[in-house]
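The structure under discussion appears below in the form of structure tokens.
As written, the chain order gives the labels A, B, C and D, with residue 1 at the start of each chain.
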Amino acid sequence: MIRILVTGGTFDKEYNELAGSLAFKATHLPEMLRLGRCRLDVTIETLMMIDSLDMRDADRARIVLACRAAGESRLVVTHGTDTMVETARALAAGAPGKTIVLTGAMIPYAFGSSDGLFNLGSALSFAQVLPPGVYVAMNGQYFTWDRVRKNRETGVFERVDTSA
Amino acid sequence: MIRILVTGGTFDKEYNELAGSLAFKATHLPEMLRLGRCRLDVTIETLMMIDSLDMRDADRARIVLACRAAGESRLVVTHGTDTMVETARALAAGAPGKTIVLTGAMIPYAFGSSDGLFNLGSALSFAQVLPPGVYVAMNGQYFTWDRVRKNRETGVFERVDTSA
Amino acid sequence: MIRILVTGGTFDKEYNELAGSLAFKATHLPEMLRLGRCRLDVTIETLMMIDSLDMRDADRARIVLACRAAGESRLVVTHGTDTMVETARALAAGAPGKTIVLTGAMIPYAFGSSDGLFNLGSALSFAQVLPPGVYVAMNGQYFTWDRVRKNRETGVFERVDTSA
Amino acid sequence: MIRILVTGGTFDKEYNELAGSLAFKATHLPEMLRLGRCRLDVTIETLMMIDSLDMRDADRARIVLACRAAGESRLVVTHGTDTMVETARALAAGAPGKTIVLTGAMIPYAFGSSDGLFNLGSALSFAQVLPPGVYVAMNGQYFTWDRVRKNRETGVFERVDTSA
């Protein structure tokens, strides 16, 4: 059993045709799991629907609490990419003993060309087999929370050496 | 480093607009990896482009040989779903000591509603973390080669108990 | 008011994931009109769901009859491209005095890369402004029924000179 | 022969994945015509790539001038929907004697669910058959420039009676 915690991010952004801008409505997770013909025993819980640049400490505390409170020991957290690593750090400190995989998308799922479905398949798979810990799954790869950063210029997540 | 062996299957079927039927052209794997913004060190090798119902023993022998000959110890094989389990069995017998993950799709990638991108993200992730063995990755799950079958009526892969 | 008569064709072909082949289910016309945000007063009537290569004289007679029986003087007929011109000829002989526009698609609408939505927008527009007669609307163009053929090698509809 | 004048608008908005916002790059018109298998003799000219809310009098003057200068007597102008009617008015005053059809989209073409392809098929068709004048083609319908407004609440173009 896996719990998916939804927090928003590019993943779930939609085009609001009356305002002519991007906005959040409901999460696309159920539709994505249907498209992927996913047969995992999954529970989806929407915690918030926000841009990760707007995420405050109180929001992160809520995510940590939800992970701790979850009956499942394996979780996937969908999250905006800009501060994903920051939330991963908060989870490593506050929700030990579980396998928690954060993932997101560079392009909204509602766009035809999104990386969201690929990332979701990847995150759910890593969540099933990795040992307890907090991970970021992006670009087909996984990173432990303390060895990753988002390169803002390329939009790619990359490994960092923390021993230095 | 991961090697992806392409054998065809629904994954790569396209609509041939002059003939009005489904057909194979080149594999969509490079495009799919680009869409998924995959940053893994991946080599793609097209072995054949056939429907898995048309796959003969000689074709399976070729797949086994390619897995054995590969320098990589982690491989993903894209394959039609109908005889995927049969090829998994051949690989278990003939290509030991490597992590080999077979995957496919129920809907061609070229269709908007394909499960292919989800499955590819899933297979590449399992291939990175599972111990040596032969696996089928479909529906967000992984199965060892000797404990899975495709349910032809539902189109879903399901676990079978082989101890009976 | 426009009546849309649905007869099947590539337009409405879907991928049957259990059989692994193309098949007809319900028409995509309502979904397409929704996507196009069409506000025309349109009635959709499904006459048959067949490949136009399988269309017999009795089928064409039914289409002619439906056009004649319609209260609307402007109609769009969705049709497989292979014998679209043949049905246009039958309509010219059997359903005079109305503006009838036949259209179709080279790629099924259910595929991401279909020309169907473009053709539907085109056909509905021509149907509103052309004088009574039978027309084929494909490739952004319109042709009177007796001056068009489908080039089987290129998949393109082209004008023919009938004065010769 | 038809000339397409590109001015931007929702039609051509893209998702900028590094900035996480909507932006203009190159026009999608060539790709859309290819998808629609359009065989019309069309010339595409990009005048500007802006949101129609940002359009100034000088921009409208440029569009009017381009329509007047065009060798073609039939033109399609892609345009943001918010001030499309305003530009139509300017064209009616400044570029008489030609058939000019303005069109746009409520959802960017780069999104899977865009009405753009439908509208383009529609606008190109109306441009071929309507007499000289300035028209708006949206929602499958056409309106003369002085009898249309965009309903901001519903996002739909509707006929207005100007005789009052």
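What we mean here is this: contacts are C-beta pairs under 8 Å (C-beta built on N, C-alpha and C of every residue); 3 or more make two chains touch, one makes a residue touch a chain.
This is a predicted model, so every value here is computed, not measured.
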Separation of mean Cα positions, chain C and chain A [Å, integer]: 45
Chain A-chain D separation of Cα centroids, rounded to whole Å: 39
Residues within chain B bordering two or more other chains: 106, 112-113, 155
Touch-based graph of the chains, sorted into line, ring, star, complete or other: ring
Chains grouped in pairs wherever the two touch, ordered by label: A-B, A-D, B-C, C-D
Chain B partner contacts - residues on chain A that touch it in the complex: 32-33, 35-40, 106, 112-115, 117-126, 128-130, 137-142, 155-157
Complex contacts: residues of chain A adjacent to chain D: 10, 15, 17-18, 20-22, 51, 53, 82, 106-108, 110-113, 152-153, 155
